[in-house]
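Scrolling down, you'll hit the structures one after another.
Next come two complexes built around chain A: one with chain B, the other with chain C.
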Partner chain A sequence: MTLSQKWTVLPALALALVMFAVPVALVLREALFDPGWTLVHFERFFGRPVFQNVFRNTLMVAGIVATACLLIGYPMALYIVTRPARWRPLLLFLVLVPMWMSILVRTYAWMVVLGREGVINHALLALGLIEAPLQMLYTSGAVYVAMVQILLPIMVVTCYSAMTEIDMGLIRAARVCGAGPVRAFRQVFLPLSLEGVLTGWSVIFILSLGFFIVPALLGGRRDALLGNMIVTQVAQTNWGFAAAMAIVLLAATIVLLALVRLLAARFIHSPREGGV
Partner chain B sequence: MTNSTRRQIIAAALALPLAGLTAQATTAETLNVAGSGGGLAQVMDMLYDQPFTAATGIQVNALATTDRASAIQAMMRAGNTVWDVAELAPVDYAIASSNGWLEPIDWARADPDNMLPDAARLEDAAVVATYSTILAVRTDRLPEGQSMSSWADFWDTDTFPGPRALQNSVMDNLEFALLADGAAIDELYDLLATDEGVDRAFAKLDEIKPHVTAWWTAGAQPVQMLADGEVAYTSAWNGRITQLQADGVPVELVWQGGGLKPSYMAIISGTQMDEAAHEYLRMMLTDAERAAQFAEMVAYPAMLPQLYDHLSEEVGASLPTYPANMEVQFVTDALFWAGRLDELRERWDEWLLE
Partner chain C sequence: MLQHNAPLSFQAVTKRYGDASALEGLTLDVKAGEFLTLLGPSGSGKTTALNILAGFTQASEGEVYIDDRPVGALPPERRNVGMVFQNFALFPHMSVFDNVAFPLRMRKATRALTREKVGAALETVHLSGMADRKPAALSGGQRQRVALARAIVAAPPVLLMDECLSALDLKLREEMRDEIRRIHGTLGTTVIFVTHDQSEALSLSDRVALLNDGRLCQVDHPQAIYDRPATRFVADFIGRTNIIAREAFEHLSGQPLGGPYASIRPERLHFTPQPGDIRLTGTIEDLTFLGASIEGRLRLSGGQTGGQVLRFAVPRSINAACPDPGQEAVMGCAPADIVTLND
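The block that comes next holds the complex of A and B.
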């Protein structure tokens, strides 16, 4: 790194310090001092099963949503990247359009679709496929569907950008050497695109951890995420306990993602490193 | 969540002092009033804010806010009072009052002619409005020839089948459960003061749990659920259901067993606008004609008894403080809830996840 390169990173570093490191330090202080040093908030969190349950549920929902986005988003990105270059901007544009609407609007739209007198139930009743409306709203399924729909574009774009970096000459080389299309994909393309997959999965996992509007509006009684509990505690002026929950969530996220990274490092080859 | 928490807590720590700088530049002629915004703010603007400015020359800056107890805590920590006057729900009031975040009210200035009942004149707050959590019923979903008239009926899923909703809140629901179990209105808080009473309420809630499809968190939700036919019976705030009736949806309010709550207005400790704040409160509290107009528009009446002189019988009967309605409701005990909320909500959350 040359000196001038070092200087260009400074604004970003300053921003990260002011917008991330300092606030996290303040939250940590809030959790540990009340006003003197205390672990009472962490003891409360780990002492009551309700918080453990919600915490586990939060991690599980985030994991499932990220994985579902991956399973749907990866083929979409693959489809777009294999279209002629002139079509790709339009297809990407279509993927991104839903992101222009606020999460709240999209959540309410799901209520209209999934409701007892909503679009799906009306259609099924009219077709005679069901006799009474299905309960879809206020279930875990509704939460998953809405969260996946809201976060999917991020996965598609992340996978797409990783795929465009792959040298298509390598695929052609594999084909020339006798690999069928499936084998060329599995042994050459897929490993090279894993970096993007992992990034997309991690980003969506982290974003999911912060959801609280969607479960509050679409979920049932068991669908509370830690975010909902933190919001309640902040509103009731229990900042110390809210901060402790936030710190636990942050720490768990860092540990989990580090593990995923370590595990993945054994399998992933960056397209930029060359050598398979 | 890390994001959002960071935002909430750090916003409190960092942004409020900044907001204070901009607010301070104008405090000389502006009264900052923290309310909940929306339609209520429009009514208040017309009935109170504009006449107040016309009479005193002081502008009213009506702020649309939430989580007001939390925001006041941030102001107290930062040593910078940004709001002069704030509207407070019962638990928020109890938190703010017990922490000493509110200025004492000089009743000789706020209500010089002693028009208000004692229950509305607190040491550090005034009751400016009342609202009730009541049972709301979609009448077209009732079984032929039946009508729902109590929480016991709400619990009776054999006579009244159909999806139900309740608020995701331990406050109110414990009271409703005890009433459904046959408790009398005036013994609710004596019962809840004992472990047996709380256990009894949760045991009763066990019965209704499988029949509740949605647990609402915002006041607009039960209204939307009733309008969309998502549920047939739910708890809700009375003013919202009156509005829904006006919109032509076949719904009915059941006053029997409703939880009446005061909505407080308080002057925030450290304000530079003490004089103007008192004058603002006086105007809001002691003008029966305006109070009647207010109640006609939002169904959250003040405690001024004279306001009923200016209302038709029909409108009067739709209000929570109408004598016949008041008789069958209980008054939510804010002090009980401020003391026990944390512990009982933990149990509620546990119960809900089971």
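The block that comes next holds the complex of A and C.
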């Protein structure tokens, strides 16, 4: 890297510093100084099973939501990428339309759909399939459904852009070599798309960790995520404890994603290596 | 069923997209072990023909036979052909060994047989020692060799090559051309080679099939196609030539012409007209000295032909000096060197 090239990365570095490093440092200070040096907030977090349960639950929900998005989003992206080129922009557009609405609006919409007097219960009652309204709102299921619906477009777009990098000529080559469509997909397309899959999964996982509106409005008491805990603590002006929880969440996220990346590096290949 | 006794046969194969036809009634028998080139400019239908043959595209009409079996209804994986792609299409996540082993694994070969055949194929393309590398770690020429090895490893009766030299630079291209010729000689496989490059076609092929606008113009041995082009397009596309319309030709030579055009190759014109030769009078323009030969143009003078320019390329001779530019000159051409062209 020449000197002038070094200077050109400065704005990006400055931005990262101001937008990420400084806030994290401030949060860290909040967690460790109250007002003097103390580990009391971390001791409180790790000392009480209730917080650890919420913490574990948060990681699990994020993992399940990310995986569900993957299982639904990957086939959607595959479908779009295999359509004729002129249809693809329209299909992608349709996938992205829900993102024009705020998460809050979409969450309220799910309340309308899933509630006791909601659309689904009305329809099922009218059809005579059930006799009493089903309890759907304020359950874990409602939280999962809404989070997946909110985050799915991100997964579809991430997978789609990874898939467009794959040379479809490779599929033809596999076919001529004697692979049927299924084997050509399994042996060539799937391995080359895994990098995008992993990126999508990681992004959804991280975004899920910070959700608090959806569990607050659609979930029951047991569905609270760490985000809800932090909101509660902030509301009670327990800044130090809220900061400590945020730091634990951030650290856990970094460790988990590093592990995922490390594992992936052994098995996953970029579609950009090779070629002409 | 038709019996052609050919490893490969196109029977009236047509491909239409709406009103436009990409390929129009291609009928062509390929002999066993033959190296046949589909040559043509882009949009001539050569790639369409190859795609129909490989099973990537369905023919609108007609049928392709491989070993006397109609294959139109078969997917690509059941046609048992080998193919080298324009960009090589190596699987980037697999080693050289796994790339070459792929067709064998798809055919459920045993591990021992796979190892043996991959070894032999890599040896054929002189890449033994490279089995563990990834395609990204190979040079362009090496990738081309891996692609070749993958195409031949399962010993398919027909080997398809789609513009497979065009991604290489000139020096490598010439090297790989010799390599392909050598491998064809060793294996004796029937090869269908698609290219727009006439020098590749002329130097490699047993026969060249020249396509234009979706139609087959002429199929013949390289020398025959050069010496006896059937149509104006063929004469123009293969090598360089002078095309003279019938009226002008008959005026010049005083002889009738059996078709709408006459073709005279530049190297068939000379400055020492013999009795019986057709004589062409004009002014010399634009002489270029090329060492072994001299190239230039002769602007015909007089009457109906006035203004037409003929290219010539004469061997340089110490004794017979070439006239200077601007000078009047008479050039001769033997009647046997004049080819009658159809439209």
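The rule we apply is simple: the second predicted complex is superposed on the first by the 266 of 276 C-alpha atoms of A that agree within 3 Å, B and C clash if a C-alpha of one lies under 4 Å from a C-alpha of the other, contacts with A are read in each partner's own complex, and residues count from 1 in each chain.
As a convention for this text, a contact is a pair of C-beta atoms (placed from the backbone, for glycine too) under 8 Å apart; a residue touches a chain by one contact, two chains touch by 3 or more.
These numbers were taken from a predicted model, which means no experiment stands behind them.
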{"item": "Combined model on chain A: chain C and chain B, fit or clash", "value": "fit"}
{"item": "Which superposed partner A:5 touches (first chain B, second chain C, both, neither)", "value": "neither"}
{"item": "Contact breadth on chain A, by residue count: chain C or chain B", "value": "B"}
{"item": "Which superposed partner A:175 touches (first chain B, second chain C, both, neither)", "value": "second"}
{"item": "Touching partner for A:224 - first (chain B), second (chain C), both, neither", "value": "first"}
{"item": "Overlay on chain A, chain C to chain B nearest C-alpha distance, Å", "value": "36"}
{"item": "Residues on chain A lying within both footprints (that of chain B and that of chain C)", "value": "none"}
{"item": "Residues on chain A engaged by chain C in the complex (per definition of touch)", "value": "167, 169-170, 172-181, 183-184, 187-188, 191-192, 269-276"}
{"item": "Interfacial residue positions of chain A with respect to chain B in the complex", "value": "23-24, 26-27, 30, 48-50, 53-54, 58, 111, 115-118, 135, 137-138, 206, 209-212, 216-217, 220-222, 224-227, 229-232, 234-239, 242-243, 245-246, 249-250, 253"}
{"item": "Residue ranges of chain B touching chain A (in the complex, touch as defined)", "value": "1-6, 8-10, 12-14, 66-67, 69-70, 73, 91, 95, 163, 168, 209, 212-215, 217-218, 221, 224, 228-230, 341-342, 345-346, 349-350, 352-353"}
{"item": "In the complex with chain A, residue positions of chain C that touch it", "value": "54-56, 75-77, 79-83, 85, 87-93, 102-103, 106-107, 134-136, 140, 143, 150, 154, 160, 167"}
